[in-house]
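Got a structure here, written out as structure tokens. Questions coming.
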């Protein structure tokens, strides 16, 4: 990747580097349809009701869930269902230039779309007047943090025993060097032509999060959605594995099944 | 705008009419409300527009300053988009720092303009690597009756199309063509899903009871430049494809309306 | 006006330009006792309880009224009368240098004196525990915005059906080139010797707003007040005309009369 | 200070006494409470004063720095006035950013000083168009018992009159006369109207029940330099003329008191 | 002190000046075990429930107490005891470089340790759900403001009639030129090797506040505490004198005795 | 952390066990919980560590930038310490600006590092009087189960020990030894007093019911570099002497644990 760094730091004209080589492989050696390595740990925090830690390529992200608990201040309570509150936050040291602590516009938007995605999967009607609070802390960032964070949050919700239609799985898809590829890393995001964060409930194929920026024609868009769905299904397998692994410690796989089927 | 409230009577009337593919204000699902466009109304701004869709009303003002480029884009200008949901526009809007709703609208409008390359950012450079034009798009929402995304987007596009560089103010040599370099003409459209019905340009009542929202920005070739799904409801894949297919035709007519207004003005 | 711009932009010594010519006319051709052109539209917004739009010379200002409604937070409620809350705000694009969004000290002070002026005319005792909220948005500014804004707010209050002793009319008076003149425009404010924003209830001649800065001796001050009163009376006529015009659409002038006499 | 409360008993006593042209503390309508002035008490400041009117007590501190002039006044210095209504001074004051009351007092005090041309702002220029003195007037209200406008104003005027430029601190050549160039001597007086009676220097109780307030700043010639009407009550034209006429005499004696204190100090 | 100022303003190497001379005296002529001059005035403010003004060397500090009064907002109320709220604040003009108004991290920490110290001496159990609010305003600062402020606050609490185990007395101790000395002034703090703010209830020798930064070995630390205790005892005498002096005006010394023994 | 709550049952159990010199988790009074140290885990940081004491867990990240020195220390670098008590870590933590608790922890950690001269600040100078390294220590508390002072302190010390200057990023010539110049190795320990018992490394439950708290930072020679008493309870003089005496031995073993981890990493 040295050549990329050089291109970026040379003042003046920034040439777009080649992101897919003659063998169809990307700068980190992946094929166009391949996710980065993903590792999920469940139940990593003591105080939170549920928690998960995810390493997704070079992303390192923690998710914690508190609740259902009394929604405060009272005026946000909904008498028919739980409110989902989400805070997506980047640690100051998670990015190249130190990020000043505090909420910025980007994290406000991401918190909003993640909260809405989660509300699309959680059985909120079970907990009127309550709040389910989801905290996502990005410790190290390398593109795709909202998808990795939402994935971790979904596992943390299961760990907290919150009833859901099913787990949410998320991953981004994009266009680089004119091709549709799965799961952009940082350089691909910077020099690519499109990025499309995506999340669904794999069982029902309900789309709960979708954003896009860049340039896609209609055919490319359909190809992108198709690939994103494949990615989400693989992410889902990893989520289920991680939960099973965690509850195996309790010597009883039925617990996991209970958790992830809780809502029905 | 989760805090807006619709009575049960209205809600049920909407749901009933939808079954017959009709809407509360008698529009069909692919029909916008009346769009009014007044470019250039604010002379203290470097570009401006007053745009209404139905009763939703937004004033966009462009201010242009000079400043330093970002270190990672030394030859490109800077553009920032800001939405103020002032309490004048709705009983549920509060003064103070921008709400998450305001931030989302601003960021989606910004993405649609930026990703469609409407403005040639390289042409905003004044002295390479040192001095560039900085464009502020300020969206003042004065009456909120549904569909702020599209109203804000059209207002931004029209205001930018009428904007001129303030050479004199910054002691810069005047150019033969002082207009901001507009090279593309994107359109953004917002759809909501209520039950299984999908309709464009939601009214306040429709937006309040809607399950899901989808905003799409496309360029002259109908290529997609930006998207944003909103609300807690879900979409199926083919619902989205259907929206995209419909959207081409709807956007064509809106583009003509806007372009006409802008050309008359310029 | 080109000569003014030149004088202002030349670095160093700023000479005060001639603001009244040999024929006694001002830089925009007005006499010393003449208001700028004023145009008032009533009921221009859907959501607000009442609203008005005013063009006053090159000022363009919107006013909206919400209420009477429950005052929040509760601790601001007064059990004997309605509280008047006013927010005067300038749009970022309303002035030469872009104004950063948010409240500054100037708008805080103006909001306060306008709220107090309105409270002097509204029959607040009719609505204990309630709040009447007045929002003034300056879209384009050219001196005299607080008077134009208060005038618009007064019409918006009438449009909202809020009972008042009578409409408030406002206008500024000032001193330029040593003479007392009505309704300063921007260059006159910048290079003049005094500015006196003024508002009254024309019927009773109750003064509800008065501020001053500059230099006036006692005689000049009296002349200024005299002229300001004349200006307010003319503004009042325009307010009544605008309300009548608006309610003519209802084919019934008695409605207007009812609104503007509501309080007695 | 709308949140201060006065019991019905006190209110009625005030209203009763007023009918006999008397006040709760036995003053007559044109009489100030005792004014105490202590200049130069804060050595960490470049100028200072502790001023009390009755029990209302304010400490003014002047700090002077160097900086750039505003682009539109390249040869003039900068002056800013700040009032802090700290919770020490009253059970109804809260900590946090300045309240509208604090902002109004600061701005009215600032106007009285600025418009009377008390300080020759041109003499604050150090290097033409590049470097000027910046004067900060900070008013710390430590005890609030009515009439903050006048207490803050006198404290500002006295503190400014004792202020000296900190040449050494900014490595500038010292001047023979390091005093801030005070060229005029304004006085500000505040009146309230209760019922139909008008009285100067309102106490806390009078201020709390007053209908309307009027503050006037005049110069040595009794010319008017700034005014501010406050509260929701109204004035009649001739009430204002009467205040102005009375005010000349009242101000003359106050000016002598202050001038004496300042001259002794300098 | 001229030589100190010179040393500090010369750019580049800052030499540490001699802080104790050959006669064992410090730059202001004090011995190592001597406090600066201290002057305390009681009951200096009208509105506060209790107040005190202290001049401690070149420090000038006001303290005011309000309460016991209803604690607001309600969620801070404790149903078993009063909460102590303290705001330590420096006036913009109290220091060399103008301090921007508002709370900074230093004053946040000082407010916290002072509130905790006061809670250690006040009989808080007498006032459930109430708040006792202590405001300390530093008007002129010259090292040791937290000790001087806490001393003034203690006297203000007595003036307010708040029951305490006994008065708190505070003073700092430090190390300069290798020696343990009492009550550092600014130059000693800047160029010394350690500073240890300290406060106790003299009667019981309960330590209620202690902070330290610098470098002390165990022996030096013990010597420092010993000296700090001596200092506090002297401060206590001055506090009692000031209160007696103040209540003498009431022609009745028993009042003072009552106040300062109130808690038992 | 006044808002954490402990049930009466737990409180009484703790008080009972203390009488037998035992703790709820069976530790003795001079015993730390298990300390886990993972240096260098965050590659986007210039230095980092994940440190846990029992279930309390903190991630420290070091970011290093270049900037101007403070005017009064022209040849020394700059170091700032920031603690975020994010709501992830405890049901009583709230998002927003740092609470007084967070500020206190940050300042006490900072003092321990600064006063022990762990980092040679003079060696952070790049161009004398003009350009220095600025070190940001950001402490992200992710799980709070008592004793944040010590967990944050160890995390800071380990992260600093692994930190390297980002020469390349700021176009500076690389050095043979890019490590931040660590010259001392301070340890900070926190004790609480419950009744008349004093114990090190308080758990959440112990911290919640404790009367008083004392934090001490010492250097390799067991000299004291910083102290902070906390909570509203009181200490007697000889209690403090006893803590200091005990503390030497406790700190020796912790120092070895940490040093081992750091040396393996470097």
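A few comments on the model shown:
First chain written, first letter: the chains are A, B, C, D, E and F, and each begins at residue 1.
Keep this in mind: a contact is a pair of C-beta atoms (placed from the backbone, for glycine too) under 8 Å apart; a residue touches a chain by one contact, two chains touch by 3 or more.
Note that the structure is predicted; figures quoted are calculated from it, not measured.
Chains that touch both chain A and chain F: there are none. Listed by label, the chains touching chain C and chain D alike form an empty list. Traced through touching neighbours, the fewest hops from chain D to chain F number 2.
Greatest Cα centroid separation from chain C: this falls to F. Compared with chain E, the chain whose C-alpha mean position is the greatest distance off is B.
The mean-CA centres of chain C and chain E are about 52 angstrom from one another, to the nearest whole unit. For the pair chain B and chain E, the distance between mean C-alpha positions equals 59 Å.
Work out the mean CA point of chain B and of chain C, and you get 32 Å between them. Within chain A, no positions touching two or more other chains are listed. Residues of chain F found to touch two or more other chains are absent. If you draw each protein chain as a dot and join the dots that touch, you get one closed loop, with every dot joined to exactly two others. Order of chains round the ring, from chain B towards chain C, by the touch criterion defined above: B, C, D, E, F, A.
Residues of chain C that touch chain D in their complex: 8, 11-14, 84, 105-106, 108-109, 111-113, 116-117, 119-120, 196, 201, 204-218, 221-222, 225, 229. Residues 45-48, 58, 60, 62, 64, 66, 69, 87, 89, 91-96, 98, 101-103, 133, 135, 137, 139-142 of chain C touch chain B in their complex. Residues 72-75, 98, 100-101, 103-104, 106-107, 111, 114-115, 128-129, 214, 219, 221-237, 240-241, 244-245 of chain D touch chain C in their complex.
The touching residues of chain D, counted against chain E in their complex, run 41-45, 48, 55, 57, 59, 61-63, 65, 82, 84, 86-91, 95, 97, 136, 138, 140, 142-145, 169.
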